[in-house]
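Going in written order, the chains are labelled A, B, C, D, E and F, and every chain counts its residues from 1.
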């Protein structure tokens, strides 16, 4: 049976289940899969976290290096987020330059981190206009079981919450120090399956989806980023309902990231 | 959105609720749409929207390139959003950057949500958006231009796609951000509406808003889109009631 | 009817007409299509011009930025010309890196601008060996109806003639000032159609052509650039005859560019 | 291998023959192999080897991409060795470098020497090796991981491929170099063995050795490979005697 | 051509009309052509022309790569002109630059004007030109080498294509510019002639000339091409009258 | 007869001959083809050599330029080796970015040059941490008749042995001076053909080979680099036997390179 036929049968099945408020793996429509965060997974990184949401696994690694601030923000460090959807993680990824999907993951994660002012970039300035820390967040998807954005964002947050500024190694200060995380944005992704809107979609649910929406919220009640993806549409009322759900899930996701950081 | 460490933040809203360019919070910039602005594309449109100038062209349905993207049950919709090197204050190096690739992806997905692609299996519908002069809101202007270009090309669609950015600047929820509001404001939220269904096919957001502000912003955006929808329809009516191809003028 | 069949029928028809001194659009063999120049089309550019020759449209935009002079010309600014044959402008262009055709347009335009000393590059030197202006000429083809080189060169000339050096914005001088155009080269392109040699070819004529020749002349009687393109050949006498025609057309093209600059 | 002009060379071998990390010359670092570490690959393995962490995945036999690499009489084996940006002390820029491409080539050739590729004509067997944390010996760790992943994917092979680097450091011939020994030692010689035939399918060397030292090194390497072979076999036995997929843990 | 702001312009022409390297205005540099200089190409030629050393090879008619360039009614002629990194004073970074791509295009078009491509539909004739040592006039030397290589490969053509640059230096119209004349002269005009028809298939020009000077230059170039034509024909006669492949020597 | 069929017949024939200790071109199993080195082939290079082994031809060119030393070796110059398997040299090479084969050639040559300390990189330091010579070794394969590695390495060695440091041209010293070659590594390549192991394989022998091994030795009895390539395997005893053969051939190859340098 070809992959396409399998995919079509699965899609029909996913939609039929959804019409009855059910999901392939038995979850409720507002339920996440099991989440785990393993901080410090990579000792060569200045911060790292391996996040698993169900059978999705994303590894985030942080590296900090001295560099030049941007001319228009001379008093701030630089945050750079990069995602690699490496072909190791899924039969659907091809080797080659970053695909639009990888770029979308990295940009949506970057947006939530940046808009929530997760880290105070002005504290990464060493000499205004001359030298500041460049903070690289590299996201390595290891196993693609759906909902990459939430897993990648949680991994990034967990890695940042755990990171050390290597100030001693680069001769900039007498000692290394912890990177301070100021806000804890959490991204929460939904897909439409017929009239049902379910949270934390699996790979099969994403393939069946008629629209995807990611909403990032923070711990002080702000929406800091949104991204609609895939083919499909949502009404403004759909969006407002998802916002409420995203705030609820956000609290839980934040707690997991903070737990990992403690 | 509030660049870190940036200085000289201008006053974006007067106490009387007037914006930096004289508009009210729910007021759009002037928009002029020319359908059929190009001679060699299958469909095209030129949009002047405030200080934005955006050209869109559509080719297809035609052979798929590269071949392995071909789909047996429907047309693929390929979109390329590009900014001319001279379209921004600081020259942009030619070539695709990550921002352009992301915009191309969400715009393509927006059109896939309304085009009847299953009517043209094994073909490609190619949408090109060229930003010639930029002043915030180029993805929405590009989407509007491309939507009119698709109609001009005779591609069957469920509806046109008006689009606009709403956001927050100087503490107020506003529609159709200009460059200062985009650079120094608190939030930017581009959206595209299917007017007949009232649903959104493009929605992005960066910055910060409360849930109440978001609700207001969504309503303001829908209202803005409905205004733009009128202009788009008029442009298409003008296109087919006038024989010669309209000239593009500044 | 396939594109190839259409093309072949049109080619035959174009050649038959040419054998009788006629052209598809009714022009004479030495006649240009309607030409218009709209300077200042793009306000974000330091200079710009939208040129239309018949249904060909090319937009040129100039940007000036401070940079480093080349080591072998420490007392001069740098001129860089780039053409993009974007797929928006014609069904024949594919997305991707610049094709040889785009490179040829940019290099032939660059050659005429440079060889005619259109702008005095030594006036773009700020500090010898240290800092000079980099003048970027970006050519955006919007509608490809044939004869891109002439349209692109006229757009470049119109944009240069209209450009401002943003010296104040970059803190280099107290005020911005006009970029001075010293010479006015104009490119004039011919194609062979059988034994006829016609000026300002359309897209269909280029496809039918048995050789193309572009000749750039300036206002003081110099030939400053030539480029033979496409499959086909010209005798030295053909070339000499085209040179005379190019000087005549050059005067008119220059007048149009100057009119736009005034 | 003895960077030119580098300073602060550490003492790599004590007078008692003890190495910088406490090992004897013929002692391997601790190795832990988890077969089936990933859910979506056809086969996978995670290897922790000293301070190295390497993940390997195998897909196939499947359609060949790009198509023109397809062979009519056998499967092509495509290998991609990649280092994560954060896997080394100084951040590595993402993307293929020349070292990675060379390693990918010799590893693919090693596997082509043992996989029964003629059983799957016109297909591709794709081997991906991701170095997540590096501390010398990553190509050998990657080869071991990929070999277990191929077995996990059910690809028929003549044998597993244990691999290890031998070399010279502090004047002694040693097995399984760590980072200090690799950086400051005299020679590095990675090798991969077909245990049943006793032949080598990967062999590289850089540095300097006499012919007598080389003979010793080859013997030490074969012995090391045989030890690793045991661990690889045990990992595969564990994989099929336990129902749930093992978790990857640091 | 007269680099802006450059200094130390040498005297390019003596009052007696003698050029910087001792030649008269209508005198070519020494040219030596070896047809069949390579063993594995279908056709090849090595050209030493003054201080230029250029190798050309031809492969085909053979399968078209990439496939979508294939034409149903004729062979496609693909040309790649490349300069070795060490061929110029300041090391050239390997890889295609814009100059090389333009030269490849005009050279391919020149050959398409004389090769009987319709005899080999759906094939490719691939022409490779490698500049090993450069001293002005490399595109003409490459064209001459490639033309002899095409003949050596047995590709049917209307004629050989002799080529030479004419130009203006020190106020005089000269043939076959050397590096100083190219760098500091007033105009450079490379051309390629079909000797039997007397027509030009390659013609480029940069610099400045009056129309009278251009007329003189064209005549001088045609005359130069006819001289080179003799040397090309002799090289092919030598190739087929001698059994062993000639050695390439400096 | 298709290329593949020809290749298969040749492979069978090569293996049958090898089983009787014979080779297609009549050589013994431990015999090189005719070797020639032509130093100074390219006058624009700072050093060059054209090497022919049978009908394989490789041109090496050296360029030296002032640059910045690597941060971790502030007292040393930089050696960079690059090989181009240009499509001119063989029907099997395609245009495009360097293929794995080209990368392998350049890296194996680089490794032998570097590990043998062929040139003393510390002598290429001009100002510690600031300025040092970058020595580019560019390898241009002109004719691919097999055994590219040995030919490329010999060409690199011949070019280095002949090279001049252009110190005067770059204003670094009063006069140019010869680059001193300290050690003379030579690479020697074998392939397995059934149970026979032959030296200096031709193109057809490489295609028939069941494993390839390159061993670099120097004049003071050291093995400095090895590289196994192609599909196939060697026993440790095979390797030891090849090492002895490589030392013997190495002496001869070195003499040729030195002869060329004298």
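The working rule: a residue touches a chain if its C-beta (ideal position, glycine included) is under 8 Å from a C-beta of that chain, and two chains touch if they have at least 3 such contacts.
Only a predicted model underlies this, so the values are computations on that prediction, with no experimental measurement involved.
Think of each touching pair as a link: the shortest run of links from chain B to chain D has 2 of them.
Considering the contact criterion stated above, the chains in touch with chain A and with chain C alike are B.
Chain pairs A-D and D-F differ in how many C-beta pairs they share in contact, with the greater number at D-F. Against reference pair A-D, the listed pairs E-F, C-E or D-F yield one interface repeat, E-F (criterion: more than half of contact pairs the same by residue number). Among the other chains, the CA centroid farthest from that of chain A is the one of E.
We define each chain's centre as the mean of its Cα atoms; on that basis chain B and chain C are separated by 31 Å. We define each chain's centre as the mean of its Cα atoms; on that basis chain C and chain D are separated by 57 Å. Chain A and chain B have centres, each the mean of its CA atoms, that are 26 Å apart. Counting partner chains per residue, chain F has no residue touching two or more of them.
Shown here, the protein chains touch around one cycle, each chain meeting exactly two partners. Following the touch contacts around the ring from chain D toward chain F yields the chain order D, F, E, C, B, A.
Those residues of chain F lying in contact with chain E across their complex are 38, 40-46, 48, 50, 55, 57, 59, 61-63, 65, 82, 84, 86-91, 94-95, 136, 138, 140, 142-145, 203. Against chain C, the residues of chain E that register as touching in their complex are 1, 3-6, 98-99, 101-102, 104-106, 109, 112-113, 189, 194, 197-211, 214-215, 218-219, 222. Within the complex formed with chain E, the chain C residues making contact are 69, 72-76, 98, 100-101, 103-104, 106-107, 111, 114-117, 121-122, 125, 211, 213, 218, 221-236, 238-240, 243-244, 247. By the touch rule above, chain B contacts chain C in their complex via residues 38-42, 51, 53, 55-57, 59, 62, 65, 80, 82, 84-91, 94, 126, 128, 130, 132-135, 248-250.
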